[in-house]
Amino acid sequence: MPMNEENKEFRPLIVAFCCNWCSYAGADLAGSSRLSYPADVKIIRVPCSGRVNPMFILRAFERGADGVIICGCHPGDCHYSTGNYYARRRMALLFSMLEYMGIENGRTRVEWCSAAEGAKFSKTMNEFCEKVKSLGQNVRLGDLRCKN
Amino acid sequence: MTQLEKNIEAIKEMSGSDPYKCMRCGKCTASCPAYSEMDIKPHQFASYIIRGDFEELIESKAAWKCLSCFACIERCPRDVQPGKLVDATRQIVARSRGGDYLQPEEVPGLLAEDLPQQLLVSAFRRYRR
Amino acid sequence: MQELINRLKELLADGTVVRVIGWKKGDMPYNPEPAYFEKAEDFDNFVYDGFCGANLSKMMIEAAKLEGKTAVCLKPCDTYSFNQLIREHRVNRENTYIIGVGCRGKLDIEKARKAGIKGIKSVSGVDIEGDGDVTFDTIYGEKKMAYSDLMLDRCHVCKGKDHVIFDEVIGESKDTGDKDRFEDVIKIEKMTPEERFAFFKSELSKCIRCNACRNVCPACSCRKCVFDNTKFDSQQKANVDSFEEKMFHIIRAFHVAGRCTDCGECSRVCPEGIPLHLFNRKFIKDIDEFYGEFQAGKDPEAQSPLTDFTFDDLEPKDAVGRGE
Amino acid sequence: MQKIGVFVCHCGTNIAATVDVKKVVELVRYEPGVVFADDYMYMCSEAGQEKIIEAIKEYGLTGLVICSCSPRMHEKTFRACAEKAGLNPYMVEVANIREQCSWIHKDKEEATKKAVILARAAIAKVNLNAPLKEGESPVTKRALVIGGGIAGIQTALDIADAGYEVDIVEKEPSIGGRMSQFDKTFPTLDCASCILTPKMVEVNQHPNITLYTYSEVEKVSGYVGNFDVDIRKKARSIIFDKCTGCGECMTKCPLGKIGNIPSEFDRGLKNRPAIYMPFAQAVPAVPVIDRENCTYFKTGKCGVCSKLCPSKAIDYEQQDEIVTVKYGAIVVATGFDIINLDKFGEYAYNESPDVITSIELERLMNAAGPTGGHLERMSDHKQPKDIVFIQCVGSRCDSEEKGKPYCSKVCCMYTAKHAMLIKDHWPDTNITVFYIDVRTPGKNFDEFYRRAVEQYHVNYIKGQVGKVKPQPDGSLLVQAADLLDGKQINMKADMVVLAAAIEPNPGVRKIATMLTASIDNNNFLTEAHAKLRPVESPTAGIFLSGMAQGPKDIPETVSQAGAAAVKVIGLLAKDSLKTNPCTAQCDTLLCNGCSTCANVCPYGAITYDDVQVMDHGLRETRRVAQVNNALCQGCGACTSACPSGAMDLQGFSNRQITTEVDAICR
């Protein structure tokens, strides 16, 4: 699937978890401002970055995602006051563990993006896609059992 | 009113400037071309006066190193005009020595049209030391 | 050991407790098993020596629900696990009588095997009070090994000789630590990503998902593991690839991050000898570095780092690539 | 199995120009659960909605996926539409194929492919959706205000004026709080009691306000709209209704002259009798017997007050009384105190009576204060000539055991006020203020401070004082530095006034715990959102007023009090509260009772109860988590913290998100 037969260009599969209040709205603003980013990014709406269970991230990788990005409100701006603080700690530890196991750093990212930062959202997604593209297909975290 | 406050009143009258208004923003010192020569910086003139440290001002080099360029007067956001306080210091010294080299009636002839009058007076005080 | 047995019998006799959790002799001299003792005669089989490595604190989850008080023998490091269980309301302190037992390091029979000692008939010098070498009487003759050469890896990074919670302490303990706790983690961190991946792939490929690590872990105390419920669609499946248990092991370690006392039971019981503690210890090292030193189980009131935060916490992007 | 209808919107050309809408319809038609798929020009239009309603009825749809603009735009519209057709509104999911697809992609093939994937994810999710019902909980139309200072008074008055009943609980014998101790107020210098006393009287006389003075909140249970509060009315030893407030008892109490009981109100600068009112204008004007010091209570002898009371109002047998009242909303207005200065030995506060705190100075300058408003040294009762003020004593101090890391905010202004008031009365006083920064944001505040310098010639010196040394001659030697002139200063002073850091009232911690309202490291109550919800606690139904939330001056306190009142009125105006159905749920069979979820819940919505459960035929009592749906806001922090997966979030369940991930990665 990631390999396009005709031009052989690698297109990564990227899952973005966006919190409903800041980042998802930021993505909407990027849309209404027509600030493009690759179609490789697919957004899943969650109420808060604190809702993102590390198991969702590993699951995405197992299923063949090449990159996973979590977007939430800036620290101090969480709609639920503290959700992103917990997310920040969870992700810091999880990402460090993935790196420790030899998984490429660039495949995971956390970005704080407010509802007003459409431009930042688009820029972040462009950068992240580029990075994941340069890393190539996710082989190390994929799980054959999950392939159809 | 305390004795100090009375002394400061006198300086206010002499200089036409109110040292109490100084907020110590430092813009005068930042503007001063003679900065490196000044042992007491322009902004400190106000605080020295408020503190009553007149002797130190009179003994200072700074009072005589001031070029009377009036950049500080021009730029002061609080209208304290430190240059005038420097001038007042010179005046105190000058008065204590008594006597003037120039007669008052000679002065008008020496004035150029666009020269600030106070600059001239200040320069007189400076060079007659 | 006799002092311990006498005291335990006394506690049973005077009704302070109605049962004791300790160790009984196993089929081999080097594999004693955790066991319940309820009558004085049960103690004929009681043993407490250098091979009694098992952390009995987890057994108290169920034991403390039983009628009457239970005495449990805990080594200094086991008391940390017990404290952590108290913090998580998993164990009833009122129904527990903690005997802090002395410890001078626990032994790993694999170390003897690696040293070529086979056909063991009996072992001496492993008594809790002794301080000499260990002598193996084997079918090939007598073999000797220094006590510390035979110690479990975890005992070389001992947390100290003090029990953090107890009702009474019987016997002396020794701080057997002579190694940096994070030495192995740092060694892996210094490898290239490819080397790290290869290392973990080869280690985890041995995993047979027997769940021994999870079952023995005093922090892994869920009634039903998340890997056994249908909510995440994460139940066990047959392997097709050698690295497939990674999700299980990452999540296993993640779920105990900030709660793991580093007791080392996971690695001790792994039948495949996977150094599972390397996952847990990595989290501990990161937590120490990111959020300040934290020892789970030391203070039952302390907030776990993962349920806490500060405004200026490290950003995830700064948590990675630190070695570069 | 669900019967799902998929509706793909063209949004004019907004979507249709970049996404091949027809192709999307064709490709999702055979997804699991889909029984109907169609497209339309404007799905949100009247006609579009009509189409949806028809399809629901015709195909008996149990779930809807609308592929259109952002759910933030029209999710509500489509939910309402579903409800109209008799479908549960929470059976609707929106796939965002405009903002997150057609508007940002140019290649039609690529955009179409992505739209299909987004639709698939939404379909997969709807397959797992369950009907959700908004809960309803009634609202008790009565508010509780904890704290009777200016913050509490203003909040109570505003709520009462709107027609709701309010109770004020105040732990001191009188309302009035800190403000009643002050002499004058900045920046206008009007007298504090002149503006406060009328408000105190108004509170006392207001038909909608009930005062519980000398009372404390003992226990709080319930949740927004339905709090049950136990209030302990401490025994005053006075029969409230009989007392006329004549004050005879207080003047005759033998301990008034010989008792050495320091007056709390006068910060220990004066003594009071054992039966006392904190101050003359106390509201209610009913004294209280301090049982710890009263001779009758200590020895059983005396009884002077009882004998002399003309209305026989003294009752030594009175007991504490606990009343339970129901409230819909609670306002915390517990105010502040100043920090203990024991750790600041360098300022000799405990050594010399002439080193005082600003609040003591307020009393010394107050005409009703211990000196009748005459400023004098407590050591020799002489009028001080040289006064030094030290700012930031314990404020902006990073050493936790000594002070507080924050700026106390009001000190710069009250110090300027004190300096001016002193210079006004005694112009020949020399006043020096040592400061780190002078901070005067606020209307007419900087002008006020400049007046102290320019008109009153108060000497401001930048630099913290290092040491205050009491001298044998009774004066104080102040050692400091003038940082701007780079000089060390040793000056003599007759009096030193310390601007001690303020801190939240120490009792607030207990109250916050009872209310499950969160507090920060400095014990200030946390607001629900620092910018957008500054007077609400994250715990629903709890509101914040005054210094309890953070340092602030009187005008700010009054505005915040009004704001909190409006929020309370807004809540009480409702007959019932609709609760968000997307709340966390605990699977009691999976729950370990470990409290991890409760530790991360910002709303205190999770409690633990011992519950009888039946697990594999075994009946057991277990400690398990319970979610209060009225408090839970649905953030899901608990679900990611829960190791066993017992906590799940309705509407965003673990399985739903997992299945979305799977659909996207398919």
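Quick notes on this one:
The first chain written gets the first letter, and so on, giving A, B, C and D; residue counts start at 1 in each chain.
Assume a contact is a pair of C-beta atoms (placed from the backbone, for glycine too) under 8 Å apart; a residue touches a chain by one contact, two chains touch by 3 or more.
Everything numeric in this text was worked out from a predicted model, so none of it was measured.
Here the chain at the heart of the structure, going by C-alpha means, is D.
For the pair chain A and chain B, the distance between C-alpha centroids works out to 66 Å.
One simple way to say how far apart two chains are is to compare their mean CA positions; for chain A and chain D this gives 36 Å. Chain B and chain C have centres, each the mean of its CA atoms, that are 81 Å apart.
The residues of chain C that reach two or more other chains are 226, 232, 306-308, listed in rising order.
Residue numbers of chain A whose C-beta contacts span two or more other chains: 53-55, 59, 76, 82, 86, 90.
A complete list of chain pairs in contact reads A-C, A-D, B-D, C-D. Per the touch definition, chain D reaches chain A in the complex via residues 70-73, 96, 98-101, 103-107, 110-111, 113-114, 117-118, 121, 518, 526, 528-531, 538, 582, 600, 602, 633-637, 639-641, 649, 652, 654, 657-658, 660-662, 664-666. Listed in rising order, the residues of chain D touching chain C in the complex are 589-596, 599-600, 608, 615, 620, 623, 641, 643-645, 648, 653-655, 658-659, 662.
Chain C contributes residues 185, 188-189, 193-201, 226, 232, 234, 237-241, 243-244, 246-247, 250-251, 253-254, 257, 279, 282-283, 286-287, 290-291, 305-311, 313-321 to its touches with chain A in the complex. Residues 1-2, 4-5, 8, 18, 20-21, 23-24, 43-44, 47-48, 50-51 of chain B touch chain D in their complex. Taken in their complex, chain D has these residues touching chain B: 427-430, 450, 453-455, 457, 459, 462, 482, 484-485.
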